[in-house]
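Think of it as A, B, C and D in the order they're written, each chain with its own count starting at 1.
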Amino acid sequence: MDVLVQGVGDFRFTEPDAIRAWMRERKRREFVDKTLTAAEAVRRFVADRDYVSFDFSSFTRGPLVLIREIIRQQRRNLWYCAKFTLMESTLLVAAGCCSRIDVGFMGLGETLNREVEEGRVKVTEWTNGTLTLRHLAGGMGVPFLPTRALLGSDTLTYSGAKVVRDPFGGKPVALVPALNPDVGLIHVHQADIYGNARCFGPGVSPLETAMASRKVIISADEIIDHDDIRKDPGKTTIPYYMVDAVVYAPFGAYPGGVPGLYEMDFEHFAEYHTLERQGQLKTYLDKYIDSVASDQEMLEQRVGLARLNELRRRATIREGYR
Amino acid sequence: MDVLVQGVGDFRFTEPDAIRAWMRERKRREFVDKTLTAAEAVRRFVADRDYVSFDFSSFTRGPLVLIREIIRQQRRNLWYCAKFTLMESTLLVAAGCCSRIDVGFMGLGETLNREVEEGRVKVTEWTNGTLTLRHLAGGMGVPFLPTRALLGSDTLTYSGAKVVRDPFGGKPVALVPALNPDVGLIHVHQADIYGNARCFGPGVSPLETAMASRKVIISADEIIDHDDIRKDPGKTTIPYYMVDAVVYAPFGAYPGGVPGLYEMDFEHFAEYHTLERQGQLKTYLDKYIDSVASDQEMLEQRVGLARLNELRRRATIREGYR
Amino acid sequence: MTREFTEAEVMIALCARLLEDQKTAFIGFGMPQVAAILAQRIQAPQLVQVFEFGAIGPTPLTPFVRNTMGGPSNCYRSIAWTNMNTIFAQAQLGLIDYGVLGATQIDLYGNINSTMLGADYARPKKRFPGSGGANEVASYCWQTIIIMMHERRRFVPRVDFITSPGYLDGTPSARERAGLPAGTGPWRVVTSKALFGFDPDSRMMTLLGVLQGLPPEQVLAEMDFKPLVAAAVEELDPPSAQELRILREEIDPARTIIGRTGKV
Amino acid sequence: MTREFTEAEVMIALCARLLEDQKTAFIGFGMPQVAAILAQRIQAPQLVQVFEFGAIGPTPLTPFVRNTMGGPSNCYRSIAWTNMNTIFAQAQLGLIDYGVLGATQIDLYGNINSTMLGADYARPKKRFPGSGGANEVASYCWQTIIIMMHERRRFVPRVDFITSPGYLDGTPSARERAGLPAGTGPWRVVTSKALFGFDPDSRMMTLLGVLQGLPPEQVLAEMDFKPLVAAAVEELDPPSAQELRILREEIDPARTIIGRTGKV
């Protein structure tokens, strides 16, 4: 296959047969209770140097509970997929957990920009769309997918994509390599104990992330009966056999919201942004993560029931989210 | 791009830029009432020599009402995509409407096999999966998609696929060309007058077929308020701007069933199979299509309200289908 | 003891016994559907069936409805309803353990023909409906089981057309060289008289078992090639009273599938 | 008559006026969101907004919630909720008319930089968050509108990094030769002082209009390259009383977006 143009960025790629072997051996077909605490799930399924993917955003249905636990357990040298990220990539870097980023959108604020300028974090350029397409390729079990994005741009030059001539129509087309993260982190509205999971509302790529990832941790605002899954199979976003751990995590997306359940906490984001601008993220990390033993303790002692109730109260739009 | 192996089958392929130009000019973004009778919809949107795709199957949620109308209006030389077909490809050939078939599964019964043996119908070999993947490619606006099916088989040899070496992992992989049918025929549970459509239950490829096709005719068992669509956007299968015509067609999938609404008519299929085996399909076509002016007349005079009510009564499983 | 049963009942029972509980299985149209339901009723209640139209993990209602493919009884109490591209993607990714298929013709290396007979593709002596989803199932699933009537014309040295790949020409790594997923291929062939596997080195079809009371020579005589024969050929129990009761009373009382072909 | 307004209000109003009713528009984060809502409130009630996280056709609730991206007010009364791969596929297929983007730096040929400043990629003088979905929007949508602060450092002869493609080096069919969809590219650049298009032959940015009361020379002086100038440069109405009322009272009373930057 003649390659017309080739990006120079470092990228993760694992040959589909190696991924297949993993999926055969490690993804359990048994119906077993996979509920774990966030601490246990991260201990067992997130290792130093893992490539980590996160679904949706810090503002909406993001698995912030799992990000906080990764920081608490001081994972190191993670390669993070910033495909639609606003806050959690910054937290991971500020906490010293992450040394490489695949850039779709790196996040708001200057912290990360400085880390890249000063060479402490290595980046490879992609786009939100092509990183998401790479998850689709990884989840389909094919080595690449074609796209007409990237072409002509410097983003292409510093990515890992390759441009070839389409053998059917003859025009140049970009190929992006399959991405199979070591860990996929996905927050959902509801899951059963086996890992069958439901998200409501639009999404970035919950299913693609679950399919592509070697290890999948689901955090769920609600645990539902397995029987409920079987009564309405059209609502299942992710089937259980892709899932390794189910973490029961009410307000797991906090300070982001979960549509139909609770709104995001604007005051919290304002506090975060102020500290971020002042270079005081250590204060933030200490207050909300390191000084508390768990997310539950954080929600209870740092946020408080009154605020949590208020965030639930604000979630008045429920149409379509059940 | 070095092609290692190349199928010799004839295939439809249109360069993505030509499809883009069509989508720009012909797919209406306006909210206009697109309801038409089946007769009007077929008159305006199905032409001789069109490439026609059909979603799901003759047994379940198939647009049989539209197939019957195509036969009634005597379209000629259609190229039919038999991606999961059981009965309607046979009817189209027996009625003289169809002269080419892309074979996923050609259909039950001997009629079609004989037509191919005797050279009256030309075929190209594919599989259910690769034809469906070709719709996905066509609907994504890319010229091809990769797959690890077809490889090593004679199906590949007589298809239009090409095998190339994956430039990332180095192994051979098959590329299937995008397919953009001239006409996509899709039966749905519900649609609004603009073409926003909902299907419940599993499906073959309703969305991919709607995206890929130049002209899309939806037949719907129920017409619903536009407002209902906006109250539950997670249920929308197909957005209106892909749709050219909406045909209100209660029992439009008959003799197939629509999950949650009515069961398939086993007695009708038995009659069909008997006539097919006896080489008497002209009798069938005459009785159910040519001797009646419309599907409504067929349902009333050839099937009867008692039978229709009975088929509704048998559809007792409704969980998940609303 | 004499017990009467049809060839279809033999094939279905032999196939059902191969399906382990709590595994995923890509189930083809017709006899494989009935075999999967029988397995669920006996030793594999949590067998996760998947269908090419996207249903995952149903517990199909019985009596089995002939020709049902996507209807409510077929998809009853699934764990997810998806679509064809999604489910084939999962199979391609390596998530589906078994594939269960019917076929018209098979050869020494497990290649399957469901397309045409004759030497010239352009002038088929006999045409069939084509691959359906069989090519994907045979390409992607870890262990493919093929259900076949045991007739000489169906077991040929070389199929006229490879619709779905077996071990191709039988040379080492032939599938892998073609680009097919590593470690896959036909695993068992279930017939109305016998059970076959494939030799791990030569990739040749190998007789593993024969139905109780049938001499192996009689089974081999009804094949147009000579398979290998296992060192110890197992004697296969005929359909048990339990299997027959479930098939006849619960799953297919109308005998639309189990009634096929004559008595054994 | 004097009327005070912010630079953000100018950009938002100028952009909103460009959006025709009953067209599809890919809407980026921040100012484009507010412009699209304003357009819906004035001349384009059935503008079909699409977002990269997959919402199609919402009528966002106001007051506008800053940073909302996928939440219920943002996705209110959509016609469909999909996901990122599906919505970018639709844009790639040619179904999306407008793309509306913000940018950090732009050049004579409409190339957009939101990645980094400096001559050496490995040692950026200044790093930005990267493409987000902008590269896709600029590649796929039929007519891309870019919203920019009118500052000299943002309008450069050649961007340091092409995050999202404009007309590349400006040579004939440069986009098509790269493989980008035919007939696409930057259509309008909306700034706090002016409106630009692109010359169909040379592909150079072309001054089409200036805000009422500003001399064109002043606008051009605040750019680091010389764009073409249309034969008749239009005088652009400042934000109208209606536009300002809707922006300030209905859409963004907290002034989180419209309050940005000083008064004009």
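Assume a contact is a pair of C-beta atoms (placed from the backbone, for glycine too) under 8 Å apart; a residue touches a chain by one contact, two chains touch by 3 or more.
In this text, all values refer to a predicted model and were calculated from it rather than measured experimentally.
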* **Number of hops, chain C to chain D, where each hop joins two touching chains** => 2
* Among all the other chains, which ones are in touch with both chain B and chain C? -> A
* **Chain separated most widely from chain D, comparing mean CA positions** => C
* To do: Tell me which of B-D and A-D has more C-beta pairs in contact.
  => A-D
* Structure fact -> Distance between the CA centroids of chain A and chain C (whole Å) is 40
* **Chain centre separation (chain A, chain B; CA means) in Å** => 37
* **Chain centre separation (chain A, chain D; CA means) in Å** => 28
* For chain B, write out the residues touching at least two other chains, lowest number first. => 16-17, 141-142, 147-148, 171, 173, 201, 207, 231, 233-234, 319-321
* Structure fact -> Among chain C residues, those touching two or more other chains are 55, 75, 77-78, 81, 92, 140, 181
* Complex interface listing, chain B residues touching chain D -> 16-17, 19-24, 27, 29-31, 139-142, 196, 207, 211, 229-231, 233-234, 236, 239-242
* Asked: chain D touches which residues of chain A in the complex?
  -> 56-57, 59-61, 82, 84, 86, 103-108, 112-114, 116-117, 119, 123, 125-130, 132-133, 136, 147-155, 158, 163, 171-174, 201-208, 257, 259-260, 263-264, 266, 269, 315, 317, 319-321
* Asked: What residues of chain D sit close enough to touch chain B in their complex?
  -> 22-24, 46, 48, 55-57, 59, 75, 77-81, 86, 89-90, 92-95, 97, 140, 142, 181-183
* **Touch list for chain C against partner chain B, complex** => 51-55, 61, 66-73, 75-78, 81-85, 88, 92, 115, 121, 123-136, 139-140, 161-165, 168, 174-175, 177-181
* Complex contacts: residues of chain A adjacent to chain B -> 1-3, 13, 15-17, 141-148, 162, 164-169, 171, 173, 175, 177-178, 200-201, 231-235, 319-321
